[in-house]
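Next come two complexes built around subunit A: one with subunit B, the other with subunit C.
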Partner chain A sequence: MSTYIGLVWAIARKDLLVEFRTRERLTSLGAFVVLIGVLFNFSIDTAVVRPQDIAPALIWMTIIFGGMLGMGRTFRLEEQDGALAGILQSPIPLDAFYLGKVLGNFLLLSVMVALVFLVFGAFFRLTFSGNPVTLFGVVALGVLGFVSLTTLFSAMATRSSMGEGLLPVLVFPLLVPVLVYGATATGRLYAGRPIAEVTGNLRMLAAFAIIFTVSGAGLFRFVIEE
Partner chain B sequence: MSFGLEAVGLVRNFGGLRAVDGVSFQLQPGELLTVFGPNGAGKTTLLRMLAGVMRPNSGHVRVAGAPADVVSRDWRHRVGIVSHQSLLYGELTIEENLRFYGRLFHLADLKTRIPERLASTGLSDRARTPVRELSRGLKQRVALARALLHDPEVVLLDEPYTGLDPHASAGLREQLASLKDGRRTVVLVTHNLIQGLELADLVAIQVHGRFSSVTDSASLDLAGFEALYHATVEDPA
Partner chain C sequence: MSEKQIRWAIGILGALGVATVVLLHWMVFFWVPTESTMGIVQRIFYVHVPAWWVAFLGFGLVALCSAVYLWLGDERLDRAALAGAEAGMIFTTIGLLTGPLWGRVAWGTWWEWEPRLTSALILWFIYLGYFLVRRSTANPEQGKRFAAVVGVIGVLDIPLIHVSVTWLRSLHPQAVILSADNPMNLDPAMTATIGVGLLAFSLIFASLFLARYAVAGYEHELDLRDAALPGTQAVEV
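After this line comes the complex of A and B, so read on.
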């Protein structure tokens, strides 16, 4: 078991190390988040619309679109100089390879999500009086579901001649439940509603995260093997 | 009797194209087979199937007697691959690349193994250099160090000389010659007759996916083999 976790961490650590050195994805994700924040800050008349009412939807939209920008490049690293063949030829179980990629993407996207809340909080002066642990749970489960799904489909897109362009087409229909439950729960928490009103959403987000991660780990080898 | 490497009736199709067509051979431990063939003959596809990276449509591979199918991962400890691509991460240093692959192969003694491997390939003083800063020749030496890190019994070489200048080629040739230690089974795929013939124990010519002949290299001289090669490529039947 510890060997398996070690393999998962080896893949994630390698991805994060390369990202730390190139900042290729973080830079574009950060720029995207700030751009969206600035854009909505100037386009929304706060005298007509209360920021708390629309911020949760904007936050999730930014996470999904920004995330798509980063996740589409998940396997670009492995495409350079044939590194994917090196991994496939090694004895690493392919589900561990997939989970390592998911973990790396999850940590990377978590940085972006933190920036999203920071930017939207600053621009819309959002105040949060609810339970931060519940909000953290909603966002973490939503991001895990998103990352598990996009990592699998990113591998599929890499193998396709259409490349990254294929990713949104494949992923968006399947992401609808994550978006709906995530945005609804976030909205309720920002509105100061009791936790009991979001437990159903939390359960659904947890179910989708588990389904996407487990099925992704099982299906990955059919996508990545030639 | 178990062979170092055995391929039985390997076939691989891409749509309507048969890239590898019924290739079979057996190699004893210590033997080096060079597979020659023109571009598009299916040599790389054959090697990818031998490495377990690609699934054959039919046929099978055995490494040291054990079935080497795509799904099973355990036998991969026994195989190392060097390609015309380095299979390395440019942003990582040489040492980081070797450590990463060492972890994938569950190697516990990386603290001693990596310096030894770097020393044997003359890369000790460059251990902390990012791979993207290396010349093509040095990258191939790192690729060889990576492929041999887990001390495999079978080594697969796919056009390893591609893009190397004569000096780097000579250096790599020296490294590859050291693989002939009587223990490892090696398959070298190339279209360069001189480089391929000088290391080979057995030679095969692959045309349109098929092995036209498998010959003991001791009975061949370069001029004779060149004539045989051109005759085979022009008229595979």
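After this line comes the complex of A and C, so read on.
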């Protein structure tokens, strides 16, 4: 078991190390988050709607669009350098490879999500009066569900002739539950509503994350093998 | 089944299907009584409900055949999944077109973000992805595997999508045909018309399914022959 976790961590560590050294994805994601925050702010007529009312929905749309931008490149490096063939020939189980990629993407996206909350909090003048632990749970489960699906389909998109353009077509329809439960729970927590109002959301986000992490691990070999 | 038997089955099922569709339309326009609350627009249900029935039948086949195809790798299961997806897509489109026609009169709007309508639209897009991914690879075998993965993930996600959108709000008329609270409370003529509709669409579906399954088999055979010819490469379909 500890060996398996070690393999998962080895893959995630490799991705994070590459990212730490090149800062390729984090730089573009950071710039994307700040710019989209600025653009969203300019696109809202404050005489008609209060920015605070729609900020939670915009936060989740930014997470999804930004995440798509980052996750689309998950397997590009391996594919370009022929490293994928090396990983496939190594004795690492493919489900551990997938889970390592999910873990690496999850940690990377968590940095972006923290930035999203900071940027939107400042630009939309949001004051948080809810329970921060519950908000952390909502975001962590939502991001895990998002990453588990996107990592699987990113492998598919990288190996297809349509490339990254295929990813949104495949993933957006499947992400509806994450968006519905994530955005409503975030909105309610920002509005200071009781935790009891979001426990159902937490359960559904957890179910989504578990179902697609497990099924992704099982189905990954059909996507990655030649 | 031999090739000849499949051709006969396609012809017989198709002819019976067309005849039953003609009978259905006669019943809808001239025979069945008008529903008291919704009026004449309710008659579209006799097309709408059977269309959804066969659409779900098609997508159920996609999920089942895709999962078993990934497990066993049998080409025939992939062909069955493809045939189910194409036939299912046709009937989903019919369901998505007839729903708003009814909604325009009943709800006063062409489109409403109502859970079943929303789930149906998302289902349509999931299977659009199924076809796109299938044709997006240089290696057709890989495309088949990708499509099967989309089929399996799609069927796992549909209940979650439906629960999530239902959680918001529901405007759709509740099921009355198989409602547990009030089972089979329809006028017998209405029940008969719905029954004929289900039969007609099921026959058409079976005919289309078999025809597409047979064509996919011919495509596969052609690929094998092209690959066997010296100096040629398999045609990418």
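By definition in this document, the second predicted complex is superposed on the first by the 222 of 226 C-alpha atoms of A that agree within 3 Å, B and C clash if a C-alpha of one lies under 4 Å from a C-alpha of the other, contacts with A are read in each partner's own complex, and residues count from 1 in each chain.
Going forward, a contact is a pair of C-beta atoms (placed from the backbone, for glycine too) under 8 Å apart; a residue touches a chain by one contact, two chains touch by 3 or more.
Quantities reported herein were computed from a predicted structural model and do not represent experimental measurements.
Trainee: Can A:Glu226 be said to touch subunit B (first), subunit C (second), both, or neither?
Mentor: both
Trainee: With the two complexes superposed on chain A, say which partner A:Leu149 touches: subunit B (first), subunit C (second), both, or neither.
Mentor: second
Trainee: What is the contact status of A:Val180 with respect to subunit B (first) and subunit C (second): first, second, both, or neither?
Mentor: The second partner, subunit C, only.
Trainee: Touch check for A:Phe212: first (subunit B), second (subunit C), both, or neither?
Mentor: second
Trainee: What is the contact status of A:Arg159 with respect to subunit B (first) and subunit C (second): first, second, both, or neither?
Mentor: Only subunit C; A:Arg159 stays clear of subunit B.
Trainee: Mind sorting out which residues of subunit A both subunit B and subunit C touch, each in its own complex?
Mentor: Common to the two interfaces on subunit A: residues 226.
Trainee: Would you tell me which residues of subunit B are touching subunit A in their complex?
Mentor: 48, 51-55, 70-71, 73-74, 76-77, 79, 81, 83, 85-92, 96, 100-101, 103-106, 146
Trainee: Which residues of subunit C touch subunit A in the complex?
Mentor: 70, 118, 122, 125-126, 128-129, 132-133, 136-139, 142, 145-146, 148-150, 152-154, 156-157, 160-161, 163-165, 167-168
Trainee: Could you please specify the touching residues of subunit A with respect to subunit B in the complex?
Mentor: Against subunit B, subunit A makes touches at 3, 6-7, 10, 14, 17-18, 21-22, 77, 80-83, 85-93, 221, 225-226.
Trainee: Can you tell me which positions in subunit A touch subunit C when the two form their complex?
Mentor: 149, 152, 156, 159-162, 166, 169-170, 172-174, 176-177, 180-181, 200, 204, 207-208, 211-212, 215, 219, 222-223, 226
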